[in-house]
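Handing you a structure now.
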Amino acid sequence: MIDLIRLEDVSVTYAGQSHPAVVDLSLALAPGEKLAIIGESGSGKSTLAHAIAGLLPRGASVKGRIEWPALGRPATPGADFGVVFQDPGASLNPVLRIGEQVAEGAQRHLGMDWRQAERRALELLEAVHIPNPQAVLRAFPHQFSGGQRQRIAIAAAIAARPRLLIADEATSALDTLVQAEIVALLANLVTAEQMALVFITHDIALAARLADRIAVVHRTALVEIGPTRAVIDAPRSDYTKHLLATHIDLSDPPRIGMARP
Amino acid sequence: MIVLKRFLRSPEGVVGFGVLAALALLALFATVLFPGDPQRIAGPALLAPFVDPALPLGTDRLGRNVLAGLVHGARASLVVGVAAALIAVILGSIIGTLAGFAGGLVDEALMRVVDAFQIVPGFLLALAFVSVLQPTLPVVVTAIALGAWTGPARLARAEVLSIRERDYVASARIVGMHPLEIALREVLPNALPPVLALSAVIVAGAILTEAALSFLGLGDPNIVTWGSMIAEGRAVLRSAPFLSIVPGIALVITVIGTYLFGEGLAAMLSRRDRQAA
Amino acid sequence: MSALLDVRGLRKTYHGGGRSVMALDDVSFSLAAGETLALVGPSGSGKSTLARAITRLIRVDAGQVAFAGTDWLGLSPSGLRRQRRAMQMVFQDPLDAFNPRASVFSAIADPIRIHRLAPRNLWRQNVLNLLDRVQLPAGLIDRAIHEISGGQRQRVALARALACQPKMIVLDEAVSALDVSMRGQILDLLIDLQAREGLSYLFVSHDLAVVNAVAHRVAVMAEGRIVEHGPTHAVLAAPASPMAKSMIAAVPRLNATRTS
């Protein structure tokens, strides 16, 4: 099967910085595959996502190749891929109504007229389990909680039926309950719509729950990549071992004595 | 200092500073460069610029040296502009900060006062004030400040209100800091930089307002200002347009220079960008 | 042993936009010396409001708080400022918790200066001792807060709290913003300090795995009320309330099978 995206020796250096944010990174993503990219702050994982999405700031230099073999041409944002960010405020415009924003992708890339796009927006809001979608179409982002805004952002990102969804720390600002719901939603959506998913996170357990393959990024380099179970059960890189060792799991024994003093 | 380097990195700021520095030097040495009264007759009337090397920019209707008038006029513009902006910023900051800290009725009352002053366009307010009192320099400065203080007041209040909610102010309270110390050490030093950046724009506006007042004949009649020079040139606009254009260009350069300096200030005082992950 | 902190019947209602929200609905609990009580719940459950109400950052509508034998809510502003150092707080965002112009030294020396806990010529030595207690190198003392890493900042925040010589520290999502590999170190530091100095912690968190690691007891909050509480291991092993059950089920485990 032809890869959806292929990155070869990609290096990114931001304007005004002497050190690159990402160095010689190569990886490939198959259509419909769920890939988790794990790393800590400053590792370069977000830079990688921005490079794929063409969202690097002005002046950033990119070496290496980013290709979309399955498309045979450069990717169009919205039509070929959608992005959901950590802060729903970055994806949603506070002064536009929800309906407009969710329908925009369908209007622009699927050539739908306003009525068709509105119907598509309703479908999408139902698919992300937003209650009362008809009323929501005319509402504004500030009327919703963080978790709901993130669902709406996901709906907007997949409106034009893209082949790939990039979620950049999309659940990091949400509490555990909402995070679990959003992760389950993402897993079901990408399977139903046959999309590939690139899920960036700092939480290795979350990645294990969601991904087919895990890529570990540490200080600008890709240090390990492989099927989820292989990376979790038999990590090869020291850094991955370190991440697994320092992960605090619910089933770990407590660090304090259990008796009350 | 790191702050200075940030200023130097902004080309607009450096250019603006250069323009203002040159102007300030000219104004400072006006009496050295052109001793005596700039309003005295220096040569034949309506001499064109670049004809007589002793009168590089020519003379006006009464034979007064245009260049001398220009340089002396720089004094008036800068003094009035800076003084008015200073008063406006200080007065506005005090009132805005008071409102932001006090809250409740005091805040409401002060904001209604701000509203009242803001409703009247600044220039008209200055006009009315100068018309009622004598057109001396202090009166002109006060008149302009009256119209300009509301901007800094609102900005200072908004900054104070927002900073009061920040975690570091909460931390200062929890650690047991006295409210006065919190105001002076935690809030004000972080609330005022944006107001400072605004002050450059206010200087630009003040210079323009002063020129407009002088143009209308409401400025101090005993000193030369660019506005009065432009007004003088009106009568001979078709035969000797340079009389109005030259001081006009000086005004434009000054205002742009001030504005660019303000941009540099804003760049210097802006918060550091956070590292991208 | 009587409790260090005893909270009875706290109520707080927010009014806005024509609606009223009960952020705190008759909340009562106690905290003993040397103990860690975790407050868990989803966002909007009231746990952060509770933390701020107890530290008197916000006012409550009703209720009593007894802390170290005093009527905590009844203290006058000047009385509160004097006694406040016994109850300190570490915030979630390590960067925003400091004055942008602060240095490591100034941040930690503030309490010493304000409460006159040492003569001026000993301030620097005191700060160095505190840096040592939170396992930070002495060389950081003159650095600006924004120059050091997030984990280091949180340790400085802890040092600042310790400089007050507190009996109790409220940790409001104190490790949530840190890198995963940094969290364990901070938790170990907290436990170590507690064992050595008998500190009490009120640990606010939405992360049950962290709570399991550090807390003796846990109180589960939902919609402004405490819906379940008890020893941590008991609540996590056999949750009774729907909220506790949902929260436990929502925690991602390393060894769970994938949802697909």
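The chains carry the letters A, B and C, assigned in the order they are written, with residues numbered from 1 in each.
In this section, contacts are C-beta pairs under 8 Å (C-beta built on N, C-alpha and C of every residue); 3 or more make two chains touch, one makes a residue touch a chain.
What you are looking at is a predicted structure, and each value in this text was computed from that prediction instead of being measured.
Steps from chain B to chain C, taking the shortest chain of touch contacts, total 1.
Centroid analysis (C-alpha atoms only) places B farthest from chain A. For this structure, the chains sharing the highest number of C-beta contacts are A-C. Averaged Cα coordinates give chain A a centre that lies 49 Å from the centre of chain B.
One simple way to say how far apart two chains are is to compare their mean CA positions; for chain A and chain C this gives 31 Å.
For chain A, the set of residues that touch two or more other chains comprises 41.
In chain C, no residue reaches two or more other chains under the touch definition.
Residue positions of chain B touching 2 or more other chains: there are none. Those residues of chain A that touch chain C in the complex are listed here as 34, 40-41, 145-146, 174-181, 183-184, 187, 191, 202-206, 208-211, 228, 232, 242-244, 246-252, 254-256, 258, 260-261.
Listed in rising order, the residues of chain C touching chain A in the complex are 32-36, 42-44, 150, 179-181, 183-184, 187-188, 191, 194, 206-210, 212-217, 231-233, 236, 246-256, 258-260.
Residues 166-168, 170-178, 181, 185-186, 189-190, 271-272, 274 of chain B are the ones touching chain C in the complex. Chain contact summary for the complex, chain C toward chain B: residues 52, 55, 57, 81-82, 84-85, 87-89, 91-93, 95-102, 110-111, 114-115, 146, 157, 160, 164.
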